[in-house]
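The letters A, B, C and D name the chains in turn, as written, and every chain counts its residues from 1.
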Amino acid sequence: MRALAQANSGDAVGYGADPWTDKAAAALRAAFGAKGGVFFVFTGTAANVLGLSLLLRPYEAVICPETAHVNVDECGAIERILGNRLHTVATPDGKLTPGLVASRLGDRGDEHRAQPGVVAISQVTELGTCYTLAELKALREFCRAEELRLYVDGARLANAAAHLGCSLADLAAHADVLSFGGTKNGAVGAEAVVVMDAEPAASAPFLRKQQTQLASKMRYLAAQFLGLMEDELWLRNAGRANAMALRLADGVRDVPGVELCQAVESNAVFARLDPAHISRLLRDWQFYVWDPAGSVVRWMTAFDTPKPDIDAFIADVRRTSESG
Amino acid sequence: MRALAQANSGDAVGYGADPWTDKAAAALRAAFGAKGGVFFVFTGTAANVLGLSLLLRPYEAVICPETAHVNVDECGAIERILGNRLHTVATPDGKLTPGLVASRLGDRGDEHRAQPGVVAISQVTELGTCYTLAELKALREFCRAEELRLYVDGARLANAAAHLGCSLADLAAHADVLSFGGTKNGAVGAEAVVVMDAEPAASAPFLRKQQTQLASKMRYLAAQFLGLMEDELWLRNAGRANAMALRLADGVRDVPGVELCQAVESNAVFARLDPAHISRLLRDWQFYVWDPAGSVVRWMTAFDTPKPDIDAFIADVRRTSESG
Amino acid sequence: MRALAQANSGDAVGYGADPWTDKAAAALRAAFGAKGGVFFVFTGTAANVLGLSLLLRPYEAVICPETAHVNVDECGAIERILGNRLHTVATPDGKLTPGLVASRLGDRGDEHRAQPGVVAISQVTELGTCYTLAELKALREFCRAEELRLYVDGARLANAAAHLGCSLADLAAHADVLSFGGTKNGAVGAEAVVVMDAEPAASAPFLRKQQTQLASKMRYLAAQFLGLMEDELWLRNAGRANAMALRLADGVRDVPGVELCQAVESNAVFARLDPAHISRLLRDWQFYVWDPAGSVVRWMTAFDTPKPDIDAFIADVRRTSESG
Amino acid sequence: MRALAQANSGDAVGYGADPWTDKAAAALRAAFGAKGGVFFVFTGTAANVLGLSLLLRPYEAVICPETAHVNVDECGAIERILGNRLHTVATPDGKLTPGLVASRLGDRGDEHRAQPGVVAISQVTELGTCYTLAELKALREFCRAEELRLYVDGARLANAAAHLGCSLADLAAHADVLSFGGTKNGAVGAEAVVVMDAEPAASAPFLRKQQTQLASKMRYLAAQFLGLMEDELWLRNAGRANAMALRLADGVRDVPGVELCQAVESNAVFARLDPAHISRLLRDWQFYVWDPAGSVVRWMTAFDTPKPDIDAFIADVRRTSESG
């Protein structure tokens, strides 16, 4: 917010030809080691649509986990705006592996089938897990060998960097295009599409405008990233959110009737509980019930979740569990 | 073919305003009890695209079996041309049930999710099975109660009518829009989209043209259906194909190492065999290996498959099986 | 900006279920007399795409002036995201009339032609002119009689209301869907899509999400409109911008070699000048050269353009003109 | 038709892997000098959609004459199926020139504008005129210099070759992709998309299937072209149609009140007449009234138009004219 107020002083040229945008884009290009370019948009869905559109031909499909945001949570934006198909793969932990991708390559060369063109992963995944750098490297090498491009939905990339203790460039080294989320990490509403190579980046200005995402007052988007990049605020925010998730996980780990379903590697905790207990907790707290059966929940922490709230919540989980 | 030659004599007005088209459309409207209209197109994929486009809003999804032709065999035509998503459901036998459809209705009202709008089934299914009339009725009633429209991919609808011993109108009574396949039943290349009610039919001429399927010499498409409708040739052709499939199934049923995987209710036989035996059979015969593991095959019969070919094939399966 | 800072205090539920969004939407619904709903998006292009998508069937075309923003300045977003055609009409002043619309209705009922479905106008137009209320009424009545829907691109609707001295409801009375621009009237980046009737509004939440425009922190968009609606700031901003344009027009009206090309009815002045003079002015000032020949310019004023800047510019135009 | 009957004897593998398709495609590749490939589809609209889809990126526009079939007569198929915009240019005779194309290149590099990518011409044009080989060469060289690709809608390419006395290869030498129409030259319903280079051809099988145009019994499409290519039947048919148009033009040229509007360079005659005379002729003859004012007509001849019909029509035009 402080960054926003500074961008509001004085006039500026529209549509991104302003010093804020230049500076923010340069900062991100440097942090990611991106030779292509950085393009700001307003929402995570928009970032995924733009990012994938840079990598896809019209008859190609995107291989992604069944749980992927592009498959589940974007009201069919990929299909509507890009017209491409998703080839989904069931995963235990939200992560693709070379083997899982290979299982969807059988249709190659068959004109009756959309051709696999891009592998899309989320880092952090929708199940709160992280790919290790070794896993990313293996996936990328497999993709290269198979002439597949690799897209990373990084709505929570900051949380992955915080968890892995690596740089953004370490993560980006294994991708063709990534998004880098600001909104879930303290920004008002700003996402960046990071394009590693020059060739796909050349289309990005036109595709961003066509996809309704060119801000006339771009400096307000850029200012949010300038704020996040200053003194690595993005990393501190994400680290704090991750720490709160770990505190929460540790606090409920031994509560009878509570089972952690996924490794806690970001700012999300997935747990299995008695559906009756879930209902009781929902009276006082807001969180997402993950499965249709109503027995798995996703508890998210944020950069500004107060420690006392976590502790109060843990106490409530414990109390609910004990009350039978 | 004879029908085609007759359509070639003399001049005719273009784009369907000719007596052949009128007569063929009237014959199909009567046979299906369709109050909307009948629209000829060139391919099965085109029929599915046109049929679904009459029933979908832009933010809606199609609930269909994982095995559906629209999901597997049309190179993403629905996603590309219509921009709609498919919500796929795993099935044991290629058939949807009210319960399976219900399992995909959880997202209703959630703006992050494409909204279920149409249920698409195939009759005959891609696994060679048929919905009984009672099953169709139950599915339609469920759809009505849930404000879902019902589309039937009838590329092999004739084979279903032949198997069930029912009329086309009996099948159509439980659908909003159906396709009726000519190509797989002896025609050169002609499919009909049958629209039961007037309202969706009003858009069909424009959508057919936009979807590249308006024939300038429509009489050649119509003539193929006139040929099929004459003396119920469509039913005799389908009945003959079904009988050949049954003959084949009966012939291999007791061969050691051959397991029939699906009920034989049309012109398709699905069987599980030793992959090595499959390879050997493929040296002399053309058929489709169904699964990635290479142990399930689909054997199709046609209206003109000669009985001796069936018997020779049965003998070959038996010989291959015995050779170890 | 002040409004934004207030929205930043405290937590809030995501995706628009917050008190700011409720309050801002209610204020706009009341101001427009809209029975449908109000939907916030980030950009003017997004507002046009969403607004038109509520009114179009897939085989329909949009009748609009050749100069329309949707035709000229959105990188083909309508064609790409909606798949609909634009039927453009040449106009002297950026305004459609019943007669001009009628000239594009000849194709009705011809399946080879996209069918006119929506008339799209801009109020203020791209040439800075305004439709009078009587002109709007006549156009709407013609549309009703012809079963055409009417969309208003209101990126500068505030300037029209200020010029005409009428309410937003007066303008909205003659439309099916309008956009209401915040960005060009002082906001950071926020546009509203105002849907007059309930039926098209029902699709809007899903289409907005699908079109990548659902803000997770919607309160920041809403807060901008709350700020604009408070004490009619929107009207004062627009009135001030209009007054500066008039001051500019009056100041250059009698300069030899300067010809005003369009009525000055908003915050834009269109003038014809010697191309050499235009080049000289562009050294010190930023404005848009309108025509390929380089002899017509568009001078825009904003809510915060200082009077001295206007006067300095007038003096420069005069000096340039006299210098020969 | 004779060709069709031959293709009907015996079995054949589906989807184009048959000897007819191989032979027909080879014959066309040789005739056009095409290193890419030849792809059969069912309609002229489909040929244009497929042909353009091989050459366009998503943010690009097609520069074409206002009269182009893709602009006027395809119910918005390009916009719907490809999502690309058309940039139309007014022409006196249906023909683009380097100068006319250049007039639409002003937006290059501006992210608010769809970027010109392909120039689409028709040979024969929709006004019955032909580009000379020199005109084609000049246009192609201009396109190359401007990095634009050139598509030729050749629904009546045969008529152009007949008029110009040149080979198909002569015409193809100046294009990236062409269609070659069979339907308007005696075929039942078959068009070919001829791709000159290998790179765009690689996408064609998938795009054809996705665009609903893959024939399972491809041999029937191929057989039509085999028939047309045998002993240059395509050229004799087109030459005969052209000769009939010339006979018609010569017959009415000196009739008072009849003015030929376009050069007669194919099988079309455009004439201006008294609207009352047009109405009278329409009682007995079928032809297209070209302009909204009802004073320009298009008279088409076909490969099988009988000379006596032409002469009877000329006599009728003369009689109508004299009757006042």
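By definition in this document, a residue touches a chain if its C-beta (ideal position, glycine included) is under 8 Å from a C-beta of that chain, and two chains touch if they have at least 3 such contacts.
All values reported here derive from a predicted model rather than from experimental measurement.
The fewest steps needed to get from chain A to chain C, moving only between touching chains, is 1. Compared with chain C, the chain whose C-alpha mean position is the greatest distance off is B. Taking each chain's centre as the mean of its C-alpha atoms, chain A lies 40 Å from chain B.
Each chain gets a centre from the mean of its Cα atoms; for chain A and chain D, those two points are 49 Å apart. The multi-chain contact residues of chain B, meaning those touching 2 or more other chains, are 58-59, 74-76, 80-81, 83, 111-112, 114, 206, 209-210, 214. On the side of chain A, the complex with chain C involves touching residues 1, 4-5, 8, 13, 41-46, 49, 74-77, 80-81, 183-184, 188-189, 206, 209-217, 220-221, 286.
Interface residues of chain A facing chain D in the complex, by the touch rule stated above, are 15, 53, 57-59, 83, 111-112, 114-115, 203, 205-210, 214.
Partner chain B is touched in their complex by these residues of chain A: 58-59, 61, 72-76, 79-81, 83-85, 103, 106, 111-114, 292.
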